[in-house]
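The following blocks contain the structures, represented as C-alpha cells.
One chain, chain A, links the two complexes that follow: it is found with chain B in the first and with chain C in the second.
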Partner chain A sequence: MSRVLRSLRDGIGFDTLLIIIALSYLFVFAGLPLIYNVIISFQRVDVFSLGTLWHPNVGFENYERVFNDPLARRVLINTLIFTLGSVAMQFTLGFAAALFFHQRFPGATWFRGLFLAGWIMPGLVVGVLWNWLLSGDFGVINHVLRSLGLIDSAIFWRSDTAWSLYAVMMANVWYGMPFNMILLSVGLAAIPDDLYEAAELDGANAWQRFWTITLPMMRSTIGAVLALGVIFTLQQFDLFAAITQGGPAGSSTVAQYWSWELSFREFDFGRGAVISVTMIIVVLFVSLIYVRSTRAETRL
Partner chain B sequence: MSNAWTNRLLFVIALVLAGIYLFPLYWMYVTSLKTQSSIFAVPPEFLPGVPQWQNYALIWDVANIPRYMWNSLVIATGVTAFTLIFGAGAAYVLARYRNHWIDIALFLVLMLQVLPPSLMVTPIFVGFASVGLLDYPRFGAILAISAKTMPFFIILCRAAFMTVPRELEEAALVDGNSRAGAFFMIVLPLARNGILVAALLIFMQGFGEYVYSASLIADNRLHPASIGMTNFLQPNVVNWNAIMAFAATYVTPIVAAFVLLQRQIVNGLTAGALK
Partner chain C sequence: MTRLMTTTALALSLAAGAAQAQVTLTLWTESASAPEGVFAREFSEMDNGITIDVREIRFDDLVADTLRAFATRTNPDLIAIDNPDHAAFSSRGAFLDITDKVAASDVIDADAIFPGPRSSLSWEGRMFGLPRASNTIALYYNKDLMAAAGLDPDSPPSTWDEFLEAARALTDPANDVYGVAFSARASEEGTFQFLPWAQMAGGSFEEINAEGVADALVLWKTLLDEGLASPDTLTRGQWDSTGTFNGGNAAMAISGPWELGRMAADAEFDWGVTLLPVKEEGGPRASALGDFNLAIFANTQHPEEAFAFLEYYQSQVERVWPEFTRLPSVAGVDLAPTGNERIDAAAAVFAEQLESARNRGPHPEWPRISRAIQNAFQSVLTGAAEPQAALDTARAEIDRILN
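This part shows the complex of A and B:
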C-alpha cells in the first residue's frame, strides 16, 4: 500500500494517475455516448421510452426511414455545398489575408490579431448579427449591393429558398476566416527567408516564388487547415439556429442540424442518432487526414 | 523613401480591411444606440445619432438579462473549473514523455476534439435522461460541455508545458521535492501564462455555448444568455435596437477581454494550434 502511495507521489504512478483521470472523464462523457449512439440508432427512442437505458429494438428501421426520407437528398446536397463552399472561401480569403499581413509593415501583427475578434464571439451572437445584416428590407448588405449596382431589388436572404443556405454560408465564412488566416500565417512564418532571397537572386518574380516556394513549403499546413476547416464547418450549428433554423422548407437544413431537429423538435432520438452516427464516421475520417498531416509537420 | 510609402500604403489597406471585417461588430453597437425609427431609415444611417442609452436600461429587466448572464457565468465557470482540473495534468504528462502510449493518448484526444456537439447531444441527452442527470440540468450541461472543451484545452496546455525546461523540474527533484511537489511548485507556475490563456479561451467558449444548454436545460430560469437571445429574438423581431443592445451586453465582456489580452491570445493559439 505504501509503495503504491509513494509511486503516486514520486514515480510513474503520478503521471499515470494524471492521465487516467482525464482519459476516464473523456471516456465517460465522450466515449460512452459514442457507443450508446450506435445502440440507440437501432432502437425506438421517444418521449415515452426515455428514462430507461434500453429501448425497444427496431433493427434497421430508423436507417431506412432516414435514408428514404424525401428531405434526405436535399440535406446531403446542402451539407456538401455548405461545407465545400465555406471551406473554399474561408481558405482563400484566409490565405490572401495571411499573405498580405506577411508583408512586414508596421502594425501588421496587431492588425492581423484584430481579426480574431470575430472568431472569439459566441456563434449564436454572430448569427444574430448576420440575421440583422442580411435583413431583406433594411439590411446593410442589400443596401451595399444595391449601391454598387449588383442587384436591382432586395434579396430576401433568410426567407428565399434559393438564398437561405448561402446566407448562413456568408456568416460562416466571416466567422471561420480568421482561424484559417492565423494557422496559415504560422505556416508562412516557418518558411526560411533565405529561400526567397536565393530565388530572387535567380530572377524569380513574386508569382513564381509563390508557386515554387510558398505552396510546396506549406503543403502540410494547407492539408491541416483544410481538414480543420471541414471539421469545424461540420460542427457549425449556432449560425443555423440564429439565422434560418434550417428553413424555409428545409432549404438550409444540413446534416448536423437535421439530426438535432429530429431529436429535439420531433423527439425521435433513434432517427437523430442515425444521422449522428453517419456524420461522426465522416468527421472521424476527415480528422484522420488532419492528424496525419500534423504528424508530418511536427513529429508528434 | 519608396519603402516608407509602401509601408504607408499597406497600413492604409490593412486599416480598410480591418474596418470591413469588424463592421458587423460596429453595426451591433451603432444599432443598439438608435431610435426605433432610425433603425429602419433608408438609406441606413451609418453614423450614430444621439445615443439612446435607455435601450440598454429598457431591456435589462424586460429580457431578464441579469438572470441569463448569471447562468452563463455559472456554466462558464463550471466548465473552466472541470476542464482545468481534469485536463491540466494530462496535458503535462503528454508534454513530458514521448513514447508509443503517449502517441495513442494524444491521438485519442485529437479525435475527441472533432466531435460535433449537435451530433453528440442526442446520445448524451438520452443517456443523461436515463441515469437521472437531467434533474440537475445545468450541472449536466457543464459535464457535457467540458468533455467538448477538454481536448482543445489539453492541446493548448501541452504546448505551454513544452516550453518549461525539464532541467528545472529535475533540479527540484534533486533538492528533495516529490514529483507532485515539483509539479505544483515548479512546473505549474512556470507554465502559468499559457494555461491562463487556454483557460480564458475555454471560459469564453463556455460563456457563449448554445447547443448543449439548449438541449439539456428545459427550465427557462436556468437558461444561459445564448438561449436568452433566441427567446428574445422571436417575439421582438422588429426591435433590432433592443436585440442588438442584448447582444452588445452579452459580448462586451468577451470583446473587452480580447482587446486587453489580444497578444497573449494570439500567441497561445499559434503555439498550440497546429500541434
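This part shows the complex of A and C:
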C-alpha cells in the first residue's frame, strides 16, 4: 500500500495519474460523443427520440440514402473546392502579409494587430456584413466593380448558382487570413536572425534567403497552419448560414452545412450523423499531418 | 421560545407565500414586439404573481433551438410557433393537450376559432394550442409607379396574364425598378409563397405535380428570366424583398399583412393591396394560411399559470389587428380602424384573401414535405430541371413521406 502511495507521490504512479486524468477528460468530452455519433449514424433518430439513449437500428440505410442522394455529388465537389480554395488563398495571403509585417517599418506590429480585428469577430457578424457587401442590387462589391468598369451588369453573388460557393469562399478567405498570418508570423519570428546575416554575407539575395532559409525553417509551422486551415474550413458554418443558406438549389451546400440541414431542418439525425462521421475520418487524416508537423517542431 | 417558534413559522409561511406568488414562466418567440411578447409583458405587470420571461429567437432558428431544448428538457413553458411546425410537436405529445381546459374556460371559445387555424393546432381531434393570429399573402402595388407606366392604379392585375404584363410594363432597369418582389428562397417562406400559385393552378401539397402546376413554375421562371424580379429573389426572405418595394425598387410585392406597419412608415408613395391574381378569369382563389400558434409544453411545472396567459391573450384578441396588423383567427372580431386609411383598405383585402387560405399540413413531417417543394422550384428557377420533371420528383418524395 505504502509503495503505491509513494509511487503516486513521486515516480511512475504520479505520471500515470496525470495521464489518466487527461485521457479520461478526452474520453468523456471528445471520445464518447464521437463514438455516440458513429452509433446514431446506424440508427433512426428523430427529435422526439433524441432524448432517449437508444434508437432503432437501421444498418447501413442512412449511409445508402446519403450517398445515393442526388445532392451528394454536388456536396462532395463543393466541399473539395471550398476547402482547398479557401485554405490555399488564406495561406498565400496570410504568408504574404506575415512576410510584409516581418519587415521592420514603423507601425508594423500595430498594423498586424489591426488585421486581427476581422478574425475576432463572430462568424455570424462577418456573414451578415458580407451579405450586404455581396448583395446583387445594392451591394458594395458590385458598385465598386461597376465603377471600375470591370463588369457591365451586376453579379448576383448569392443567387447565381455559378457564383454562390465563391461568394462564401471570399468571405471565408477574408475571415481566416489573419489567423494564418499570425501563426506564420510566430514561425518567422522564431528563425534566428544570424542565419539571415550569414547568408547575406555569403551573397544570398532576398529570394534565395526566402527559398533556402525561410521556407525550410518554417516547414513544421506551415504543416500545422495548413492542417489547422483545413480543419477550421471544414468547420465553417456561420458564413453559409448567413450568406447563402447552401442555396440556391444546393449550389453552395458543403458537407458541414448539409449535415446540419439534415439534422436540424429535416430532423433526421441519423443521416446528419453519417456526414459528420465521414468528415471525422477526413479530419482524422488531416490531424495526423498536424500532429506529425508539431512533433517535428518539438524536435527542432 | 414559543414566541421564537411562532415568528419562525410566520416567516416561513410568508416565504412560502411569496414563493408561491412568484411563478416565473418562459416564453420563446420570434419577436418580443409581436402580440404575445407585448401581452406577456402586460400579463407580468399585472398583480397575479406570474412573471413571463420572453426570449426572442430568430425565426430561422426557432424550431431547431426549440427541438434541441426539448431533447434536453430545457424547453420553455410557452412557445409561439409557426403553424406548419405545430403538428410535429403535438403529434409526439410535446405540447399540452388543452382541450378540457378550453372547454372549461369562460374566455376561450374553441368553436369560434376558424377551421384553418384550428386544424393546424389540432391532432387526432384534440387541441394543442391557441392561434396567435392569421395571415396570408396578397399583392401590394405602387400606385404612383403604375400611373407613371400608363397602367390604371385603380385596377391592379387580377389574372396571371395581367400580372405578367404589369410586371413587364413596370420593370425599369434604368431606374433600378423591378416589376415585382417576392421570395423563392429555399426555406419555409419560399414554400409559403409558392403553394398558393400551385393551388390556383389546381395542385396541392399532396398533388404537387398536378396538371397546371408547371404553369405556375413557368410564370415564376419568366419573372426571373426576363429580369422582372431580382435574381436575389432566390435567396431573400419576404421581409427583405418587401423592403425593396418600400424603397421604390420594386413596383409590386407579394407579402402579408405583417408588412403594413413598416410600409405605412417607410413607403413614400401611394400604395394599395389586392388579391393574388388568379390563373384565369373566374379561376379558383388560393393563398397560404400563415402565422403562429401559442402552445404550452406538456412538461411545464405550471400548466394552470400558462393557460391563464393563453386566456389573457384571447381576451385581448381584438387588439391584434389595430396594433399589430395581424388578422384575428376567431369569428366575431371586427377589424377596428387603425387611423391609417391605406391600412384600413388593406384590412378588407386580407380578410377576403384569408377565406381562400389553406393550411400547410398539418403533418408531423411538414419540414421534409416543404423541403421537397423548395427543391422543385429552386431547381427550376436555377435552370437545373424542367418544371414538370422537378414537380414529379417532388411528388415522389412527398408520397414517400406521406405513406
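What we mean here is this: the second predicted complex is superposed on the first by the 264 of 300 C-alpha atoms of A that agree within 3 Å, B and C clash if a C-alpha of one lies under 4 Å from a C-alpha of the other, contacts with A are read in each partner's own complex, and residues count from 1 in each chain.
Basically, contacts are C-beta pairs under 8 Å (C-beta built on N, C-alpha and C of every residue); 3 or more make two chains touch, one makes a residue touch a chain.
Please read these numbers as outputs of a predicted model, since none were measured by experiment.
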Fit-or-clash call for chain B and chain C when the two complexes are aligned on chain A = clash
Is A:42 in contact with chain B, with chain C, with both, or with neither (first, second, both, neither)?
-> neither
After superposition on the shared chain, which partner residues are touched by A:244: those of chain B (first), chain C (second), both, or neither?
-> second
Which holds for A:264: it touches chain B only (first), chain C only (second), both, or neither?
-> both
Could you look at A:26 and tell me whether it touches chain B, chain C, both or neither (first, second, both, neither)?
-> first
Which partner does A:121 contact after superposing on A: first (chain B), second (chain C), both, neither?
-> first
Considering only the touch criterion stated at the top, classify A:51 as touching first (chain B), second (chain C), both, or neither.
-> both
After lining up the shared chain so the two structures overlap, which partner does A:113 touch, if you call chain B first and chain C second: first, second, both or neither?
-> first
Have a look at where A:63 lands relative to chain B and chain C in the superposition and call it first, second, both or neither.
-> neither
See if chain A has more residues touched by chain B or by chain C, and give me that chain.
-> B
Can A:160 be said to touch chain B (first), chain C (second), both, or neither?
-> second
Any idea which of 26-34, 98-106, 116-124 or 134-142 of chain B is the one running into chain C?
-> 134-142
Chain A residues touched by both chain B and chain C?
-> 50-51, 135, 137, 264
Using the touch rule from the top, collect the residues of chain A that touch chain B in their complex.
-> 8-11, 14-15, 17-19, 21-23, 25-26, 29-34, 36-37, 40, 45, 50-53, 97, 100-101, 103, 105-118, 120-126, 128-133, 135, 137-138, 140, 143, 147, 174, 182-183, 185-187, 221, 224, 231, 234-235, 237-238, 241-242, 256-257, 259-260, 263-264, 269, 272-273, 275-276, 279-280, 283-284, 286-287, 290-291, 294, 297-298, 300
Name, in rising order, each residue of chain C that touches chain A in their complex.
-> 64, 67-68, 70-73, 88, 92, 94, 176, 185-187, 230-235, 244, 249, 367-368, 371, 375, 378-379, 381-384
Complex contact set, residues of chain B against chain A | 6-7, 10-11, 13-15, 17-18, 21-25, 27-28, 31, 39-40, 42-44, 82, 86-87, 89-90, 92-94, 96-97, 103, 105-127, 129-131, 143-144, 146-148, 150-151, 154, 178-180, 183, 201, 204, 207-211, 214-215, 226, 229-230, 233, 240, 243-244, 247, 250-251, 254-255, 258-259, 262-263, 265-266, 269-270, 273-275
Chain A residues touching chain C in their complex are 47-48, 50-51, 135-137, 156, 158-161, 164, 244-251, 264-268
